[in-house]
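Quick notes on the structure that follows.
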């Protein structure tokens, strides 16, 4: 067994959790807005998933080993890719079921895993706050194999009873089978990684369920900061920490400038 | 093929109040195919009630918003580089003054593909989200195969599309140069948006001979029969960059972002950069002198 | 007035007729199988339509001045084109109403201008003769602005009561308006040029009408070789002959090897 | 990415009796992306009741017809170079032994586009002709916009697509080389047919390192995730040509055409060129010696 780290930050923990969910040989879709997600992909490739490929903005599987250098910019690394990739390539790859996993950081998420990256407020045409919008979040929650969500600050402003705008579709009341019945190809949200805990979803009801608590976090901390009732398992384990090797790679090789800490 | 050269003032007469305006493709720095020359002229002529269709609504849509030209924006993102929602758009949407027709990358792309291909719509399965009520132009219908609900993503057919290119001949045959090679989002969207539109205004860094076009046909991204007006407008993408011609003007972009934070200061910006310069040449002289 | 030729063959006459129907600035679609059509396009460009453009197989508007030389092959001339053109480019150009005119030589044509390039026989799945098929004939008869048809040998085997297979749609009983009513964008067959006569179509009934007889051809010759009743105008003029200049260009500059005479 | 290299005999096990077979793109001499190596192996293994989907059904479909593998052909043309209908196809269609699913360039292209994009169908307006009754997979339905009749051109989704390329790595990333530049029909159809298919057999002149692919990413026409079997088969397009490797073998094409004129002589051809050579290497040695 690799050594568990005892010296890690929560952003490093979340990178590790996203990375570990990527299996070897999978095809990962990585957006431009979520650098932490990119760090996780690079970590997975350096550890258990050396044969993963990923679509990095405008090219397919460029050779990137770190983030935050001019030499790692999409324009430069695209010259080492398998192929340039345009938006139609991305659409057809995903609609044909080739895209395995995507991660995203929304402004709100509700008990069914619906995510909102569009706006805050009751009136969608006169919102309190207008965000830049969802880009491809809508699409990957519907058409990618699965989606992982991460939340740097677990609060009731993020974990809400009902999102103000469904940018990305979660599960239906009625559970996972309801997606299949309605012809939605993707399996939708799989895990939610916050600074406090890991959450999953219940297959029968589609509702969010607590999976594990991070070290030092109490159940009450999570419940007090969540705007709806989480399903609770009989036993609540502690979240597996990152390994020493993972933390070293993240901190010293992949993201020495700490860009993953944005919004943490 | 006909000679379609004209002035920007003439070309923009093609844009009628209340019409839809297609922005060919998003800026992916340091490259853009965005005709800021045409955008500024539309603001200058005070067009009203336009709907902008722009994959990533940014400075160009924000300028039109702040100038009071817009009724709605159709987009998959509206963001100002790395600085969040564009300031005028944010303020005006939050005041309910501009309609947000947000959609996703896939629906936007399929709509533009349908428009560029000349088909009525493209059917998309399993599309559930809150974009739907904001797109009265879409329809849901049962699949003629299995009866499951499909979304008809209506072909995007802008009344007028705008594009700025490095090189074009007087007929409107245009080549994207280096932009075509790196900006793969532009590579798909720009030609399709141009094809999809009823009318196209093309501004260009250089007017070249038709014989030049024929020396590198594989570089051609737009053909004459899809273009209605050709305007020679060097610097016409500013403050965006055009690869091989000029870099993005980061200082101007910052100045714009600061000015757009409130309506009064933005009126100043418009006076200085949209209304004062008589034409794209005068605008260029102005920003070159800064 | 240019001098009318008195020394021309029927293939040269048909080239001239097709060429004259092309207006300046039009966009012409030209298939690979009909070299006579290509000769007509090149003639039009050399005479009254210098600003026409044409899609020549896999490229848009290559510089071609003659046919029958290796230097005129599609692969070579494509290097002088405005752009390479793939099948999706052709489809989208035409579906968006940009393609003005196309000419074709079918195996059969009927009174409504339906054309057949597919097969001969009563049973479409067990035909007497299977032809190579229609390629784009179907599409241009529906989506191009108009289509001209030429027939090297005007016989009852070609001009039939009803085609064995509608490869390309003609007019509907009910006339030209019926296409509009049914949402067919193209205006369909405009003229039929045979070795005996020129025929058009009646707007009200969609039926084929005799427009003019070639020099030396009698009405009875045409009627005897047509498998249905042609509408007849009150006066039947003689077909305008090609000019001396046209014949000279066709014979000596554009098609000196006489490739246009295939099937004549 | 996984190593997908295998033998042609193994690869062709992916083709089940009764399935549909997509030919990536038509031959436009002197270039082809047609995997004759796979076609010959399919004939050799005696597959039955296949439906070939080939824009311009030519020698490859004719060989499968003559070998008794075919139930139907879906095509926009079936012709043997400049020599009219391919001989076996002509004879067998005239005997009612092979179903002709003729359609047009536009419907075929839109069907392949739909398959490659992953949408159910593309709607086509105003499509009237005699192709319709021969396409039970199509549907007509009222437009959700104006109620006018539309044709749903069903996505082409072959059970297996075949393609022969100049260069590929062991994962299936493939580059078309010169063929991609001149054969613009292939440029569109080949990648879309490959994407559209459920399984893809790729044969290649050369297996190159993945690092070689990454030196010229802009040349890549097919990505590994769309490929199921990679077979190193030099000469695998013969008697078609591959630009930069070999010319079409006109003498062999004439010999084929003569042999296919009657069933008995064609059985001789099959014995000599399909059944006698043990694998693509033996076939190549045979035709090289001629």
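Think of it as A, B, C and D in the order they're written, each chain with its own count starting at 1.
Here, contacts are C-beta pairs under 8 Å (C-beta built on N, C-alpha and C of every residue); 3 or more make two chains touch, one makes a residue touch a chain.
Values in this document were obtained by computation on a predicted structure and should not be read as measured data.
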item: Pair joined by more contacting C-beta pairs (A-B or B-C); value: A-B
item: Length of the line joining the C-alpha centres of subunit C and subunit D, rounded to whole Å; value: 31
item: Euclidean distance of C-alpha centroids - subunit B vs subunit D, Å; value: 40
item: In subunit C, residues with contacts to at least two other chains; value: 59, 78, 84, 88, 91, 94-95
item: Junction residues of subunit B - those touching two or more other chains; value: 110, 113, 117, 119, 125, 181, 218
item: Touch relationships between chains, expressed as pairs; value: A-B, A-D, B-C, B-D, C-D
item: Footprint of subunit D on subunit A - complex, ascending; value: 25, 27, 51, 53, 59-60, 63, 78-84, 88, 91-98
item: Contact set on subunit C toward subunit D in their complex; value: 58-59, 75, 78, 84-91, 94-95, 118-119, 123-139, 142-143, 165-169, 179, 182-185
item: Partner subunit A, residues of subunit B touching it in the complex; value: 28, 55, 75-79, 84-85, 89-90, 93-96, 99-100, 102-107, 109-110, 113, 125-131, 133-134, 148-149, 181-185, 187-189
item: Footprint of subunit B on subunit D - complex, ascending; value: 110, 113, 117, 119-125, 139-141, 143-145, 150, 152, 154, 181, 218
item: Subunit B - residues contacting subunit C, complex; value: 1-2, 116-119, 173, 195, 213-214, 217-218, 220, 223-226
